[in-house]
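A, B, C and D are the chain letters, set down in written order, and residue numbers restart from 1 in every chain.
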Amino acid sequence: MATTRVGIINVTGYVGMELARLLHQHPQVELTSVTGRSAAGQKLGKVFPHLASINLTIEPELGEVDLAFSAMPHKESATAVVPLLKRGIKVIDASADFRLKDVAEYERRYGVTHPAPELLSNAVYGLPELHRTEIAPAQLVSIPGCYPTSAILALAPVVKADLIELEVIVDSKSGTSGAGRTPTQTTHYSEVNEDVTAYALEGHRHLPEITQELNILRTGQALSATFVPHLIPMTRGILTTCYATPLPGKISDGEKGREWLRQLYEDFYKDEPFVQVAGEPPHTKHTWGSNMCLIYPTIAPDTGRLVIISCIDNLVKGAAGGGVQNMNIMLGLPEVAGLQASAVFP
Amino acid sequence: MATTRVGIINVTGYVGMELARLLHQHPQVELTSVTGRSAAGQKLGKVFPHLASINLTIEPELGEVDLAFSAMPHKESATAVVPLLKRGIKVIDASADFRLKDVAEYERRYGVTHPAPELLSNAVYGLPELHRTEIAPAQLVSIPGCYPTSAILALAPVVKADLIELEVIVDSKSGTSGAGRTPTQTTHYSEVNEDVTAYALEGHRHLPEITQELNILRTGQALSATFVPHLIPMTRGILTTCYATPLPGKISDGEKGREWLRQLYEDFYKDEPFVQVAGEPPHTKHTWGSNMCLIYPTIAPDTGRLVIISCIDNLVKGAAGGGVQNMNIMLGLPEVAGLQASAVFP
Amino acid sequence: MATTRVGIINVTGYVGMELARLLHQHPQVELTSVTGRSAAGQKLGKVFPHLASINLTIEPELGEVDLAFSAMPHKESATAVVPLLKRGIKVIDASADFRLKDVAEYERRYGVTHPAPELLSNAVYGLPELHRTEIAPAQLVSIPGCYPTSAILALAPVVKADLIELEVIVDSKSGTSGAGRTPTQTTHYSEVNEDVTAYALEGHRHLPEITQELNILRTGQALSATFVPHLIPMTRGILTTCYATPLPGKISDGEKGREWLRQLYEDFYKDEPFVQVAGEPPHTKHTWGSNMCLIYPTIAPDTGRLVIISCIDNLVKGAAGGGVQNMNIMLGLPEVAGLQASAVFP
Amino acid sequence: MATTRVGIINVTGYVGMELARLLHQHPQVELTSVTGRSAAGQKLGKVFPHLASINLTIEPELGEVDLAFSAMPHKESATAVVPLLKRGIKVIDASADFRLKDVAEYERRYGVTHPAPELLSNAVYGLPELHRTEIAPAQLVSIPGCYPTSAILALAPVVKADLIELEVIVDSKSGTSGAGRTPTQTTHYSEVNEDVTAYALEGHRHLPEITQELNILRTGQALSATFVPHLIPMTRGILTTCYATPLPGKISDGEKGREWLRQLYEDFYKDEPFVQVAGEPPHTKHTWGSNMCLIYPTIAPDTGRLVIISCIDNLVKGAAGGGVQNMNIMLGLPEVAGLQASAVFP
């Protein structure tokens, strides 16, 4: 049986580059084509020395593939995948173009006209822990944003079980690689190093993804979220601290409540290969380079407030690794194929 | 007129060391004595090359001084300052021993018997922005904890104006210097670098300080706080993100509410030399090495939740600099004396 | 055919931990036993959350294995491996105990009596690029030090070809993980961050390894080295900058000489899977987490001095990965088995 | 007596910004005018929040001043200072335009035509430790490059005393702030963090400055240098490790030679306020934010090679602080005025 041929559109950003790293070491697919505008014609290993073992030339256009990842910027990505879909190629999109079901919300948040709104109803939000059965037969899957991946996985069990009041707080701390490979003042080493700041206080684009997915898990009045992302001086990793108020009478006080909550999470994620309920407050560094999401649910001692902490590598579980996990499901491969490497620590 | 002689007990930790740096460049006091057990007998500049311009030998016992800073660990500090107070020396204590008014709370949180509970009623909580008039005549002033400094300054205006519901969330991100100079696994470079984690989820010792001080500002049912500190890969700086729910009808929606809130903060801090209401989400790096606290109050767009962000250098405004500010007030000096250096950026 | 059973003595340091990561994902051996004194009785994944997928309990004593890695400190390691060797087990030692052929030099540098000097003549210095044929049949192989790995690989081609004068300069820049997992003032985050310093100016223990191996490559008067290691604020990686004076008439001036030198390196390493002659000055980050060594030889424009730069991940090619490469050779497996993962960048 | 009015051309780069920080806290001059093209019309404290205490608006053109610093890029700087010099204003130039005496060398290294070669003979190389008497009466002083400052101060004593052979090796490790404030791929946080690399192996522009100044100190055949700069993951600081071969018979072996060498350095720098001979291998962090240069001379144990290490904060002693030191000399002020702050550690 022929190996599935896989391609990457725009391999020259961090997500594309990370897809190449993961797909090259995947035992059951073959990375056969990578594109990139500025670097077209160059050997991949010349542009990215850490990928020197991949013998591919960066092309201006995608070659013949069975499945394509798009790592283009939003809007351009939707435009790029339309012809691929028409040719029957399966597509996994790393941009924001197919994440939101509400095209008006998309257009308001991203400030652009959606190039292919007709595709939204068929696109699947590619978070396997919530949408595995829809992902399997899909032709177009959208990789969730990095912040939403961490926030949704942290909150899904308590939202699904209808345990909390209608507003949640999501305080995320992210490394800089989520901001991409293009140099800016915001990601200039001398200014990021030894600094922390909050940003996007006027409303981050990932916020509607978080509420869209949480509200799918429940009925009744819509839940809302206050989301504040922070940039911290590291390259990879997101740690998200979620705060929620338990509905009265739903969770016991003290240690008993904590154990019950923990059990709820262990049950919810018991069959998930890439979500682990941690025994201690988790460290992003324990997920570095891996597809693992660590979650630690607890209850604040003085207030009874739920505090749920999650950790991921934003470029793996929060982007490229999540994408490969989707691919495995779409191709009927073992879900963990190519994603079993442990985190690199320290 | 003779210059005031000032001493530091335990100069060999980071707070003691930072006090030495600031006091040496203070124009109106003279640093005349520094102590330290392990390094006694050595020149200060030998132990800390960056302080080579200070010509002092580390002594086992404090010499003759008019005012002493204690940078001893908790419990040991109270024991050390008792004899000084008896000799009529003014004391500024950087430990936790005189921060909490409730001795039972102190003993529960710190797991020790308080060596001098009789001093608590006279000790002043040395946050000048809230207690300036009490600090001026005091003999014993306690420097607030670093996290409480950032949290209390962030929340005081809305608490004082009785604008918020009874529970607040305080999510803090701190560099490692707050953990002190003693090496531990938690502060080992290879494990802190490229990592973020939450800690003290069972209840951090600084929590009762925060609620004690906020509740002084208001009447009625006590306000409570959920406080989660995080360790991030940098040396100096704390950024605290506070979340509070406005009481119904107190603050307008949207931009109008934001401007009103901002004006409230500007009015509250208009005469404060070391609190500045920032025009943009602040960076810890803009306070690096300085005594400034930057505060940015805003309202989350989708939920109307108040989000108030503050930044300090934990070793300056959050410890040694706050101590020097107290000293200036106690000695009748200009409050900004010795504290006017700008942050060192980048 | 039964899979080879492999064990790790002292899995709780960084080298032991990294061996576990690499051996667990190795397709042709099985990690069956790991030991550690302080953590004995605990699950490996409890002590090191990033290794949670390895289902092993840390034992006080090594179980039945066919090949053992020792990641004990020097002296203790030699003592620990003697009984294993007697039982016929193949041993790969990560300590310094079997690197130096000259026991007096060992005892002088390490300040201890060698516990098993009789083993030195049979122990093989496990740098495959120089000693592959001796490694294959050996029972006891010693993993080279991290600094020597980078320095010897950088200098071997010009030493072997007898192109340089008798003294070389080796200026190395290392991350902190080489200093191990035990916290010290020297590796305390607050003091390493935003700092660089040189150390061991009185003579680093790795120096005689460098000269021992370089002198094996040549005849005549012994070559000597000035070696200055530096600690820089990062976790993994060593970049070594070597300076050597070409013998008169051996290398052409200018671009022609540079190309000839580069060709010499490409020829020398043409069959090596883990040494790559880089097209540009290499970055340690391009080797992060991988077993690759990047080398860049050039000639300084104004002085004609040879400048040869090498990069490795000190915990992989400089320790655990180098060890696995030796194991593959000793077991007759493909040399690259289990070591093909690309570096994780950025 | 009126205070000297001082201005800064191009305050919006890191050197200009750092000049503003230092000049604002200088007790004997007044910073009265700052310029910057892109930010003209804005308050300085709006653009740089850490400088909020400086009440100045960034202007398009310099106002009336007695002395001007230019922090323009090379070539533009020379063009900008010509009219100032004609008006009799004293000028201290932070660019490379007036450092090299040999205009052909300048034009070759910088690839531009010098706009004012006629000024080179009167411009003074502003390293006070070597040129104090020429600086005092000068109208135009050039601030040395950051790398040359560290290398020349490290090597001057042994060159002046004619102790070494004709070629030296200068291996420098620099933080990223020396690369300036403009974002580039080379200074992108995600790529600099956890990385070290060498650069400018084809010949760095600072090399001829180093040899120009060292050769002024001696007679006979010109000394040459191999200079390799490295970029390491920190913001501020340069550590330079110099290697030199002692001439036969000039320096004793072993500890005796080391002590003699150290004494040579202490004598050479005994009256210098900003050079300190360190008792141990120095740390850049011990100079952070200060104007101090720490130097540690020693002799390698096995080879007898001289190893001389120096540390500076590249933005202070290596740029803005060195500039202020020159200003103090030119204005007849105490040389240490405004520069006495200790380093901020940790």
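Going forward, a residue touches a chain if its C-beta (ideal position, glycine included) is under 8 Å from a C-beta of that chain, and two chains touch if they have at least 3 such contacts.
These numbers come from a predicted model, not from an experiment.
Among the other chains, D has the CA centre that is most remote from the centre of subunit A. Simply put, of C-D and A-D, more C-beta pairs touch at C-D.
With centres taken as mean Cα positions, subunit D sits 38 Å from subunit C.
For this pair, subunit A with subunit D, the centres built from the Cα atoms lie 46 Å apart. Multi-chain contact residues, meaning those touching two or more other chains, occur in subunit D at positions 14, 175, 177, 190, 193-194, 233-236, 282-283, 285, 288, 346. Touching subunit A in their complex are the following residues of subunit D: 14, 175-177, 179, 181, 183-185, 187-190, 192-194, 233-235. Contact residues of subunit B toward subunit A in the complex are 167, 169, 171, 173, 175, 190-191, 193-199, 201-203, 207, 211, 224-228, 230, 232-237, 239, 241, 243, 281-285, 288, 296, 298, 300-303, 305, 307, 309, 346.
Remark: subunit C residues 14, 17, 21, 24-25, 46, 48-54, 177, 193-194, 235-236, 276, 278-280, 282-283, 285-290, 294, 340-346 touch subunit A in the complex.
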